[in-house]
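Shared between the two complexes below is subunit A, which has subunit B as its partner in the first and subunit C in the second.
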Partner chain A sequence: MRLPLLGLLLGLLSFVSALSASGSKLLVVIEDEADKGKYSQFWTDLENRGFQLTYRSPKDASLSLFLHGEPAYSHLLLLPVRAKGLGPALTPNLLVDFVNGGSNVLLALSGEQSVPSAINSLLLELDINLPADRTSLVVDHFNFDSKSAAEKHDVILLPSPEFKKGVKNYFSVDGLIAFPRAVGQVLGNASPLLSSVVKAPSTAYVYNPKEEGESVEDPFATGSQINIVSAFQARNSARFTVLGSAEALEDKWFSASVQLPVPGSKAEKSSNKAFAQKLSAWTFMELGVLKVGQIQHYLNEGSQKGISNTSEVASIDVNPEIYRIKNDVHYSIELSEWEIDHWAPFSPPQGDSLQLEFSMLSPFHRLNLQPKAQTANSTIYTSEFKLPDQHGIFNFFVEYRRPFFTNVEEKRTVTVRHFAHDEWPRSYVISGAWPWISGIWVTVGGWIVFVALWLYSKPAEPKVKTR
Partner chain B sequence: MKLLHSISVAALALSSAVNAASSWTFDEATLQVTGKGAEAAKQKITAGSPVSSSSPIVLPASSTLKVILTAQEGKTGKKPHQAFLTLQEVDSGLEESFAFSVKDNGKGKVDVSSKDLPFQFLTSSKPLKASITIASFGSSTPYNGHAFNLKIENDSSSPPAVPSAPERYTNKPEIHHIFRSDPKSPPTIISLVFTLAVIVTLPGLIGAWLLLGGNFDHLGKAFGASPIAHGLFLGSIVAMEGVFFLYYSSWNLFQTLPAAAIVGTVAYVSGSKALTEVQDRRLAGER
Partner chain C sequence: MPPKKPSSTTASPANPPKTSTPKSEPSIRNSQDAAQILSQITNNYLERTPQRTKLLDAFMVFLMLVGLIQFVYCVIAGNYPFNAFLSGFSATVGQFVLTASLRVQTNVENKAEFEKISHER
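For the complex of A and B:
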């Protein structure tokens, strides 16, 4: 009796302190304890947001991502290491298992030290390519910070990232973000799970500062094909973010004053702090997490036509298992989105829409759901439509997979039956049937008259007599 | 001393300003399109002013575009770190850069042939925008300017292979089920004409019977002889049709069958009596 109560209390407590939708335990892999101080503002920010930070060195023998075969942490932050590999606890295979277990990873790279080959092969699993020489970094002679990198041009200043229509922007900040000595990534084209967050400007290119020579002849990548920050969201909605520049998270850049090399530009404060906050919030499931609430479908005809609130009607049959073809039905789904510390009503970004499919093998209907009502922390989307004229086993299927949102996949299976024999229109309302119906009644009448005539007819007088 | 110092500071500032003002540019730039057996078409490019955009440079299939230039920092030829010819597809913004191979004196060249280009460039409906970027480390102002427009012509016998679009998570087009059309009736007027034609046959039939001498004259006689049997028999025949009507309009089979059985039994029993009476009349020669 006491034990479950205690457990409930503990669960409640952990829920209160956890602000991420998926858990609060964050493992930070940092090679040198002394480097910890460089990121102190970032740690404070994370701790204030409710994360429990554990710092470990990749060489630590007790370091393990798993406990009893389950991920031991909800989130992992990998800072750049000088060593060639990440050690036996952080092999690419284990990291992929960690993501498959539903945990999130923020991987920070740095162009200052060579990227471990383990990271290279891990990113290849996700279809992210890094320059082969492992020490290359991104330069741009047009958008660098003229205060700190007037000679080397390797601190790139970029405005807030922008996305095409229909993609939610969780990363917008005011002002310029500084990416010092960033490692450029090139994303594969095939996977819909990958998305680019921050792209390099069109005049940027990747070069290897260790390489002698005054001119770049065969760059690994150029222009906006280079990604400085990219995001991968697995099928289980676990997130893997690659940040090209770990230095961008340092205190130094959180409050740096930066200036573009264009004449007339003013020095301004970098927005790295806001960007680091947004990037970590998205990666660690504080943003873009969707939850499905109540799903209802019911007949929208006869006495149930146009019901706005199902609880008002006593005898309504909600979520029946069987419908008839050509029935009018009503479908509603309740969706919430996690916003930092609470569930908020969800609305898709401009130009996007939540869609309902009514499908048997392939969709017969694919309809945009309309927001009908809103509660304090959810939006109710509805659609009303006529079932197709095909009987069989159908699904009400809402599949919402979009970049930066966790996946929503909700299937409700119903039977759609044929018309019963007494549900067809009566023959007398079909004008083409009138000659046939009248034929029957003429036969009936004729039969009765014939019977009467046969029974009661008096024989005719023989005509011979009159002659 | 102080004056000297301030002068030297000013001179230093001036010299650094001059140094900062030095900017990258290029000179002696030409582009030429060389094809198999075709005369190389040459055209001069000048920094800062693009070749007239109304008539783009045409790059026929299996020919090569060659751009030669001399990169300069200020007035002197120098090797920059970045010397790119960038092609951009205007609609999608897709870009591809080609690095010049530059010598120490700043002379550089780049060759672009249509087989180096991605399929989006080859299938673009608008001319590609080509720009030249010359930049390097340090404080010199980098150069990035629109140079010319390039129209790619494809070999009409072998159009470029366009791979199918990669999968992206986005909203899909709506589908509205197309219902089979409802069964149709012929025009009502035609149905009415034929209905009328069918109905008219009943009075026609009765009229024909009457004309042939049909009558109900023995009605009184028959009912006089066996009123119950005749009443029930004729009644049960009419009632049977009534049962059929109810079956048509509202009853189901399980309501119909008992009713039909009852009516049928009545008809059988009363019928045998009634038909005996009819037989009696026949034997009496009254039929």
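For the complex of A and C:
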């Protein structure tokens, strides 16, 4: 009696602590049931992290990405297929709809078999280009694994990816990552939604083993323009990651011993497992998901000046709809970041900052928000400023779009009115007006003196003479 | 004998302005004569103007000066509280206009035109 109850409770608990911020249902599209065993460590890892895995073959008639018009799964892992196409359930259109529905896709390619044209056109939608001949690999004669690819040089060993300042690195691992027979991608530079995760080293190039000679003379791409792993984050923050080498997820490479072809380098264990974990954690929304909590803005002058905690003050007017020009205001926004299994206080990466815009068509203010307080799972950012000397309909606008973070776009609209007729400063308050005010008083004083003299002085007698 | 009588000086009832003579015209060329003319005008004014009119004139000169100072200050220092400038300057100008009309009304020469206005006004 007790045991099922406990089991139910545990089941509920595991459901509640489902580890992704967006859902735990993961569809794995794998062509051959027999190949499943190759990735067993990866599956175990995903299951331990709380994902519910469903395996389907692309030819499966029951395979459908949608249920009642909504995405049936939160995440999709597409492994390479030998067939030319992916079948009617996985057309590029449907996959794009799937991403537009808010689901995440991890697409693994392999240089061992030719890439289906459906995948090619899907990636073109995202502005990712693959080599035209579909069988090309990334080759590097300086960074290959000398143990497994001493002849072919097609297993590339790369250190942990690094990003420029101000970009958070969710993919850092210790040691070398092996990318066997990777398909190189070239990212179009028009899309701000794309970002490269792992770039090939400068000595790499794209090579087609089936066409000797020609591709060496005129390679599709060379050096760091080749991406081995690239990430696309849609406007709805759904993620689409392209991993050039599906083999890197295999058990064989999780525990492989690799060695660079440099004299004196030692054989070491590849860090593919850690990298696969991080890459899937990011793609399946376990990392880099931002959440906005409470947003407050209020007047920061008069009796409300310098209030630190709004709940302590009874009469405070929080989030009013109307302000006056030149009012001092206080704005605060609460932000959390999902870290694997909990909401943690968010802080932007080094060299980056969260900004608040006060805008009407164009921003009148763009201010850095300062972290003022921290709760167990959020940071409260605040800014205090004086409203511009312009009336109209304004927005408190926080827009934070950065690679690898979900988008934050928070708008609060307020009216800014002009001064009421009795709110202007009196002229005697303005020192510049004093000369003219004294002019008035000199005139008034002069008039009083004149009247006194006028009344005092007697009219002269010529009046009598005129008569 | 004054060669010309400025219209601003109040006419004394005893001396209607018929005294101007053409013979004085050539003497203007002489600067000494000009000084003489000026002093005569002044003397004439001081002697013949009723005392109340002089008081009015003094007050108008005072108002003119105050108004001029305010205007010059506005030109030099800027018109920032423009309303303050407007009120200060127009108060002075308005007082000047009122004083000028008082001067016209109390002028003995214009007595006939303002018969209906009492002395108390």
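By our rule, the second predicted complex is superposed on the first by the 410 of 467 C-alpha atoms of A that agree within 3 Å, B and C clash if a C-alpha of one lies under 4 Å from a C-alpha of the other, contacts with A are read in each partner's own complex, and residues count from 1 in each chain.
The rule is short, and it goes like this: a contact is a pair of C-beta atoms (placed from the backbone, for glycine too) under 8 Å apart; a residue touches a chain by one contact, two chains touch by 3 or more.
It should be emphasised that the depicted structure is a prediction, and the values quoted were computed from it without experimental measurement.
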Touch test for A:S457: subunit B only (first), subunit C only (second), both, or neither? both
For A:Y205, select first, second, both or neither according to whether it touches subunit B, subunit C, the two together, or no partner. first
More subunit A residues in contact - subunit B or subunit C: B
Taking the superposition as given, does A:N189 touch the first partner, subunit B, the second, subunit C, both, or neither? first
Contact-wise, after the overlay, does A:F66 reach subunit B, subunit C, both or neither (first, second, both, neither)? neither
Touching partner for A:Y55 - first (subunit B), second (subunit C), both, neither: neither
Between subunit B and subunit C, whom does A:F364 touch in the aligned arrangement: first, second, both, or neither? first
Just checking: does A:P219 make contact with subunit B only, subunit C only, both, or neither of them? Give me first, second, both or neither. first
Following superposition on chain A, which residues of subunit A contact subunit B and also contact subunit C? 430, 432-433, 435, 438-439, 442, 444, 446-447, 450, 453, 457-460
Residues of subunit A that touch subunit B when the two form their complex: 139, 141-142, 150-153, 166, 189-190, 192, 202-203, 205, 207, 214-219, 222-225, 326, 352-353, 355, 357-358, 363-368, 386, 388-389, 401-403, 430-435, 438-439, 442, 444-453, 455-460
Give every residue of subunit C touching subunit A within the complex, in rising order. 12-14, 50-52, 55, 59, 62-63, 66-67, 69-70, 73-74, 77-78, 80-81, 83-85, 87-89, 91-92, 95, 99, 108, 111
Given the complex, residues on subunit A that touch subunit C span 427, 430, 432-433, 435-440, 442-444, 446-447, 450, 453-454, 457-460, 462-463, 465-466
Going by the contact rule at the top, pick out the subunit B residues touching subunit A in the complex. 79-84, 86, 88, 93, 95-97, 99, 101-102, 104, 133, 135-139, 142, 144, 166-177, 179-180, 185-186, 188, 191-192, 194-195, 197-199, 201-202, 205-206, 209, 213-219, 222, 230, 233-234, 237-238, 241, 244, 274, 278, 286-287
